[in-house]
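Below: one structure in structure tokens.
Which chain is which? They are A, B, C, D, E and F, in the order written, and residues in each are numbered from 1.
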Amino acid sequence: MQRKLLTIITEASLERRLIAGIKQRGAHGYTITEAYGEGSRGVRESGFEKAGNIRVEVVCDAAVAERIASWLREHYYRDYAMILFLQDVEVLRPEKF
Amino acid sequence: MSLDPVILFFLLGLGAGALKADLRLPSAVYELLSVLLLLSIGMKGGMAMSGVPAGELVVQLAAVAVMGLVTGVVAYGLLRLSRGLARSDAASIAAHYGSVSVGTYAVAVAFLAHVGVSFEEYVAAFVVVLEVPAILLGIVLARGARPEGGWRALAGEVFLGKSVVLLLGGLLIGLIAGPVGLEGISPLFFDAFKGILALFLLEMGLVAATQLGAIRRHGVFVLAFALVMPLVGAIIGAGFAFVMGLSLGGALLLTTLGASASYIAAPAAMRMAVPEANPGLSLTASLAVTFPFNVLVGIPLYFRILQAVWPDAGG
Amino acid sequence: MQRKLLTIITEASLERRLIAGIKQRGAHGYTITEAYGEGSRGVRESGFEKAGNIRVEVVCDAAVAERIASWLREHYYRDYAMILFLQDVEVLRPEKF
Amino acid sequence: MSLDPVILFFLLGLGAGALKADLRLPSAVYELLSVLLLLSIGMKGGMAMSGVPAGELVVQLAAVAVMGLVTGVVAYGLLRLSRGLARSDAASIAAHYGSVSVGTYAVAVAFLAHVGVSFEEYVAAFVVVLEVPAILLGIVLARGARPEGGWRALAGEVFLGKSVVLLLGGLLIGLIAGPVGLEGISPLFFDAFKGILALFLLEMGLVAATQLGAIRRHGVFVLAFALVMPLVGAIIGAGFAFVMGLSLGGALLLTTLGASASYIAAPAAMRMAVPEANPGLSLTASLAVTFPFNVLVGIPLYFRILQAVWPDAGG
Amino acid sequence: MQRKLLTIITEASLERRLIAGIKQRGAHGYTITEAYGEGSRGVRESGFEKAGNIRVEVVCDAAVAERIASWLREHYYRDYAMILFLQDVEVLRPEKF
Amino acid sequence: MSLDPVILFFLLGLGAGALKADLRLPSAVYELLSVLLLLSIGMKGGMAMSGVPAGELVVQLAAVAVMGLVTGVVAYGLLRLSRGLARSDAASIAAHYGSVSVGTYAVAVAFLAHVGVSFEEYVAAFVVVLEVPAILLGIVLARGARPEGGWRALAGEVFLGKSVVLLLGGLLIGLIAGPVGLEGISPLFFDAFKGILALFLLEMGLVAATQLGAIRRHGVFVLAFALVMPLVGAIIGAGFAFVMGLSLGGALLLTTLGASASYIAAPAAMRMAVPEANPGLSLTASLAVTFPFNVLVGIPLYFRILQAVWPDAGG
């Protein structure tokens, strides 16, 4: 069955707010890995306080993905280092997501 | 007056970073070191507090809180002189400079040990009190009374941040357990303190070096501010130390606290409460300019001057 | 050339068995990153023993992916925190996978 | 009898965790601390063993292994009183409580140092022996003789787990090298022990706090068990200590071991061998209830009672 | 809007050269996570010096992805542990990538 | 002559690794340990250097650099005896064996303390000098004068690698601050040194064990080389020590350095400069064969022989 995989890469300090907001918008789960990288807001590396990034993945249906994306666009895009992208994925237990 | 070896570690880090050496301490090591530093500074303060009359202590702590606000306001005033700087950026930077740097404080403590000057140990309690007020001030300056996410969420960010929790927790532990109770943990928390500080400064040198490139980007005004403000903050700190009747050693510490800028508590809080402020600006100023300046030049300089003018100083 | 990318997110303690099982079912490689997250079995965080998750990626052909997925479904789905999803990927040296 | 400062670190962690403070020790730090604790406890036991006649030691170790099984069986019996609890869950929890917690043991050792009571140092060897039998018992109780993955794979999980390997390895190192041989590594492994324990307890407080929320979910029966079972285990431990003729100090340690529940070896092994058991249930009981209970209330309580009744006790 | 997600898994010691090369070939950013795994060059684990892998993600247009991939193929495929794969992703601010 | 306990930690790691025990130190811990070791070895050398006449020191350091080249050339000659080994592989392995292992050096220092034999502390400075020349030699042997990426980039890899930077940095800090200046950091960097070395060897044992499987794959020639070359290197080292007039202790250290093979600086540099060489080959040889051989057998063996023949030795 098809679902969406939404990947968000952003500042580690946003973690709590992001988790709360994602769940509030209907996601049933998320997975986070620590990451570092570079983009329009310069190099972001861990190693000192929360200077690094997190990479958040959410498997969900298209509507939830859309809700999360537009929430992020409105609230965080302007002021935070953040990118996100969307892919189609096939899952085994679609009722979970 | 020879160089304290912990400074050499900072220089090593700075040099290795500037040369892009393949040397990085993992973030877990940084975390461990900073937790140890915060706890032991807190505990030292707590142990010393039990000897001080409560009334006197409260007055001094209140004075110190005022000092944080004064430093923040003065910093904001200076920053508003620039047309190019957004109000939110000025407010955020002011919060950093009104608040304090625990690493800089630790270097000043090591400096006093190095030159053999004693101080009121309870000054460590000032560090805790100085952290917070200027951060709150900065938020008000930037957004009036409306921080991003509301005051409730914000209080969490400020009072439940790592540095406040560990300093305050250490303080309470030191106060409750006292010197005798803490003897058992002294090898790790007190005897190893200076070695841990040395490693911490190595890491801070590496971090500061990676920020050096950003100075150019942020323009000459911020650079100038980051060099001038420590002197202004030092004067404010020395003034408060004089009024509060501290000894030469205590005065150096309060002067250094005034001169120092936060790079743990303030960045975390401002990022959440005033997201429109550019975090690169304030961090570069405090970490890549003011921190090295205080560590390498400021502390010995403040000491010389205080030594020359302080009532109880021999010189 | 098209291949499948199978991503498995599950308990870190399963790592050894997972690797053995994946290879046994024909995968020529795998990549693991440490992760944490939340799903139907609650929050899973590292920081204490093996309380965290791993994120395992396997690039393989559709048949191998299918074999691995059904093995996991039969043996681990019921008792372990685990999700998996499948995507199409383009690879340069298809003979490797 | 004042509070040992290491307990204050646990309370700090618990408080910071409950308030959702922004304080987390990286898992690498936790790993380092636990490796150091396991190795130094093992080495202490090993060094002390060389002074004890081998025959006597073997008898005592055998007795202690029986104690682990007894505690496990009693725990299982109590748990089966609940209708709502699956057999596999009862067996898994029983394995946790028949096995032991090295962190709790370390706190009891620190407690004895704090109150100035000596003990048979070779009790550390008991910790190693106590870890394993109840885990095997739990597997048999849950699945008869058929653990998931077979006994071979299972033996690997149990005997080659971190805690057994490091305790046993430390034991052998202590036995072979002896006190003189280990002098060189004593600053890190023995002098710093209490400081390391303090940091470890800070982390355990943080971890326990995150588990607190789960208590509610798991219902009142498990909560009650996690508070009653330590007392039952303590009685079993004290009984064995009496029969084995241990001193007051040694008795407190064996009592504490009886009262304590594993949160390193047992969870890892049960997860693999009895996957149908809910790991949240046993971990919450052992980590969020029994561990804090023993550390904060149990150890001093057991000591008071033992002090009152123990043959060789002054009181 | 559609873009490409290029994922490269390779030896950690290549990090600096990789970043330089990626940017030189037109990528506007990258994200790195630490990883370990196994492939044709055996097991690669962290824990000792730079024995582990990195997982590099680049969101970019098809031309840049192609340039990076062929550069890697020519310079690193033979001598280094490395795989890469390409996926389609949907992004919100295509002008960023 | 009993076994130094740090060796027991290495054996524990080796055993646990061979049995596939569930024991892994996080890479952050490894990083911390290696940073501490490198810095403290560097500082010890630096402190000792201030007592030595500059002229004599320069001559000795130059001699030692030559020794690195000689060892590398001899290793290359031996390796070229095999038809199956590519030239780049021979060159890369030669670079590893001409360079040195800081961990092996630390074990030899611990060995000397254990047997109570003193040595010229400034030998630590030799470690820095020995690291680099053979690496450059290996590159030239493999690629003529054309390393991958050019000499500029390469110089960065070699001279700005972790081990050179930390050893050299430590050396300078030790030289500038001197023994008195470094007193404050001595609990962490010097008193805890042996404990840190013990943990480091535990980790190295685990790492070496994972490499053991690879020996088979790489064939008997490389295995034989990894056992014979240490003896050859030891002879070269002892010869240089004799010519340089070192004491028995100093001779053991230089002999050990000659016998040891790099597993930090050389692998990193060769991977970048000679990518066509198989890194598994050289790492397995140096880490899984030569390192254990030197630690377990070589150092005591070299000591016995030197003791029997050395001019200033009592025996």
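Of note:
Note that in this section contacts are C-beta pairs under 8 Å (C-beta built on N, C-alpha and C of every residue); 3 or more make two chains touch, one makes a residue touch a chain.
Keep in mind that what you see is a predicted model, and the values were worked out from it rather than measured.
Looking at the partners of chain C and chain F together, the chains they share are D, E.
Listed here as common contacts of chain A and chain D: B, C.
Farthest from chain E in terms of Cα centroid separation is D. Greatest Cα centroid separation from chain A: this falls to F. Taking each chain's centre as the average of its CA atoms, chain A and chain C sit 20 Å apart.
Annotation: 41 Å between the Cα-based centres of chain B and chain F. The set of chain C residues that touch two or more partner chains comprises 33-34, 87. Within chain F, contacts with two or more other chains are made by residues 25-29, 32, 187, 192, 268. Contact between chains, as defined at the top, is found for A-B, A-C, A-E, B-D, B-F, C-D, C-E, D-F, E-F.
On chain E, the positions that touch chain F within their shared complex are 11, 13, 17, 41-43, 45-50, 52, 76, 78-80. Taken together, the chain C residues at the contact with chain E in this complex read 3, 5, 19, 23, 28-34, 59, 87-93, 96-97. Those residues of chain F lying in contact with chain E across their complex are 24-27, 30, 149, 203, 206-207, 210, 214, 263-264, 267-268, 271-272, 275-276, 280. Those residues of chain F whose C-beta lies close enough to touch chain B in the complex are 26-29, 31-32, 35-36, 156-157, 160-162, 165-166, 169, 172-173, 176-177, 181-182, 184-189, 192, 268. On the chain F side of its complex with chain D, the touching residues are 2-6, 8-9, 12, 15-16, 19-23, 25-29, 32, 110, 113-114, 187, 191-192, 194-196, 198-199.
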